[in-house]
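Presented sequentially are two complexes of chain A, the first with chain B as partner and the second with chain C.
Moving on, here comes the complex of A and B:
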């Protein structure tokens, strides 16, 4: 186990794959597969805000994350995940140029097809690729990575099993090319030194993940030109 | 499904696009006169269909079906249950159809799509009604029995619409049937209390005398396989396998479900302004036969 983990430490995370244009009915969409975690995100709009909404000079962002009933090993309810929905909203809010679509709403809907650990970071990264696919103006892509603290070890991009044993977890969503962080969450037991180490690890991983996301978008753009 | 005319002049393309949005019915009728559809298909042709098995690793059986852009993901999870007193030697199947907000701009979170319960009912009717007539059922529920009166399989079939572009029921049924084809029963054994439990993969080679009840990983026997085809009726025209746009403009739909021996399983015509005269029905089922 330890050896395996060391190996993974070096190559950082499970195989990450992004594809745009997964859902034709949406303005933009992306499919992400990182290890066993599989996610689809659709972006709709900018479109008319709900009637009940107050007037707003800047655009609105509306996020929703839900799970399929077969996403988890034990059959679940497949209900909305309110916590993840608001976390996704906060992670993306800072990266989107909301001034560019006043009075309207952009909807970001995510569906976790299979949960294999690190679900929220995958949803956030996938959502930013989907937003780019929809042509929503952003300062930069948002790449998100989490680290679990297992005893003395730090484990990046934890799988479901590792997450269930973790003492603490740290997640960073960042805009790699601007070197800015949109969201940082720390839960559980951490020492200051460990937090520092984990943050460095995450930021480095974010910039690498950002490159993968960028290359996926470039490929899609080249393919559509031909 | 891009625009159909590759006209070199951008302005004329814009005009066509505007015409399509402003006068959708006239736009489509103009195409019908030429016996062609906006996506370049002749009236009677269905879209390309693809099928992938085992798309969900965590399920016991799963399939991804695609008709044109319409995409459905079906997964089956098996659980052991105690059968009912009325039918001690039968298992049970629960069918659920979901339209998450990712699939279409009309679906919003917290407000389920109007068509979802309709498709859900149609699906469970098609899959389960057959079961009642044991001679031509799709699945014999007795195959889902483990120990008479003690234990049976409960099959949870969940179908998710990932992309909605017309012909939802056809795609959903295709994915459901494919998921049942792909289904492998998990290993079960008797535990110390004499109850039947599912054995997880790793502990299968266990020593403690817990023999697997069903040794070989059995596959489900499908007696007959239903296929369906939806057609849109408009005046005298019959359009096979409509897209979402066609469905919304020409509102009369006819769905014909046949099984593999070309027996009629079910027939739906949920209202609509055009009357389904006999010939239309005949043609729909002929088209269907051609597709099988």
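Moving on, here comes the complex of A and C:
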């Protein structure tokens, strides 16, 4: 596996594909495929908040991430990732201009069709494309990337197998053109220098991923004009 | 954390006072930006648990307990006991925690603590080595259930819970289980727990959690809930004795510049040393008190 990984180190990133308009019923939607990880995200709203909600002069963001039962090698294992919904919320809320839709709610529903590693970063990136497709005002797209620490090596965009052996992981969600980090989580033991190295690696990858996401949106906009 | 939603409203004047004080390095309660409130630790507060502690930081009060259960180890990790960690917020701490109201906050605190204390998938960076919970390799082990309870909430819950869990782990006595020779362990194991002997968990690697709350252009430690309501974002870093980072969580909506995050990490690392020393002496004193 080490050789294969070296090869990927050079080409760096698994093949990333984004497509908008995956779900007709939604205000906006996107499908993302990065390597084996396949994710679909629908955005509904802005629409009226539930009755029980208190008055709010800024908009609300409601996020939900779920896994299909067949997404993981062992059936139904995806439900282990309960915290993903709140992590998606935190990664996106800093980028969305919530003042632009007061009193209303935007729902973001993500479904992981196939879990192939780096699931949450793919969900976050895909969700921001879907939000853009829905015409929700944002400061910038949110691109998200994780690295795994395996022994002394840093491995960007880890696959499922690499994630299961990792000593630590670092995930960054950032707005590439503003150079701002909206979410950062670290697990495992790290030295400050290593964190610095991993962050730079991730931010660089985020800006590259941001370009891919942007070009997908441009293509979709051009296609709709024709 | 959706602190803002359950905050008592502050007037514009009060907000200005808090923000201005932080900018001038003199906070509402007289502290400097990087000063903690006095910390009180009491260990062995729950007799039913194998280890427990109560930590007070100002009006924030939390309890942590460690409970050990005999179990069969996971086949993929035959020489290790399972460690699980959960936090709950009691409605006694405030009406906003009633019923399902505390669910979101509890889940957030649990995830952040798991990230800071349980380490990576391979176990690197964990607070303690779960192999010390093994009794018979692949057959029998202790499962550790670490529970945190928020009794009273006045900001900085994560640091307080981290400190309480550290104290509870130091306070934990693992009973020595004598397995009779030739006993079959495949069925219900017959284990002799009658001996009064206990061992301790090696807690030298347990990190402390330092949360830096960013208000305006400055960061503060140990924010009260009023100060937390004014934050733009907060970064919680868990740091061990070797000053290595064992986990990090960012909270709050606003984005941060990468260089600011790195600066916050280095400030947190600096602050952690003082906190670690203070906490260690408080815990040692509490342990000595309990033994008397």
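Criterion: the second predicted complex is superposed on the first by the 220 of 226 C-alpha atoms of A that agree within 3 Å, B and C clash if a C-alpha of one lies under 4 Å from a C-alpha of the other, contacts with A are read in each partner's own complex, and residues count from 1 in each chain.
As a convention for this text, contacts are C-beta pairs under 8 Å (C-beta built on N, C-alpha and C of every residue); 3 or more make two chains touch, one makes a residue touch a chain.
Not measured: the values here are computed from a predicted model.
Colleague: With the two structures overlaid on chain A, would chain B and chain C clash, or do they fit side by side?
Modeller: Partners fit side by side after overlay.
Colleague: Report for A:180: first if it touches chain B alone, second if chain C alone, otherwise both or neither.
Modeller: second
Colleague: According to the contact criterion defined above, which of chain B and chain C contacts more residues of chain A?
Modeller: Counting residues of chain A touched by each partner, the higher count goes to C.
Colleague: A:190 in the overlay: touching chain B, chain C, both, or neither? Say first, second, both or neither.
Modeller: Only chain C; A:190 stays clear of chain B.
Colleague: Is A:109 contacted by the first partner chain B, the second partner chain C, both or neither?
Modeller: first
Colleague: Which partner does A:211 contact after superposing on A: first (chain B), second (chain C), both, neither?
Modeller: Touch status of A:211: no partner.
Colleague: Which partner does A:168 contact after superposing on A: first (chain B), second (chain C), both, neither?
Modeller: Second partner only, chain C.
Colleague: Between chain B and chain C, what minimal C-alpha to C-alpha distance in angstrom results from the superposition?
Modeller: Across the overlay, chain B reaches chain C at a minimum of 14 Å between C-alpha atoms.
Colleague: Enumerate the residues of chain A that count as touching chain B in its complex and touching chain C in the other.
Modeller: Overlap of chain B and chain C footprints on chain A: empty.
Colleague: What part of chain A is in contact with chain C in the complex they form?
Modeller: 82-83, 86, 90, 93-95, 139, 149, 163-169, 174-175, 178-192, 195-196, 199-200, 203
Colleague: Once bound in the complex, which stretches of chain C touch chain A?
Modeller: Those residues of chain C that touch chain A are 104, 107-108, 111, 115, 119-122, 124-125, 233, 235, 240, 244-251, 253-258, 261-262, 265-266, 269.
Colleague: Chain B touches which residues of chain A in the complex?
Modeller: 22-26, 29, 36, 40-42, 44, 47, 64, 66, 68-73, 75, 78, 80, 107, 109-111, 113-114
Colleague: Show me the residue ranges of chain B that touch chain A in the complex, using the header's touch definition.
Modeller: Going by the criterion above, the answer is residues 1, 56-59, 62, 69, 71, 73, 75, 77, 79, 96, 98, 100-105, 108-110, 156, 158, 160, 162-165, 244.
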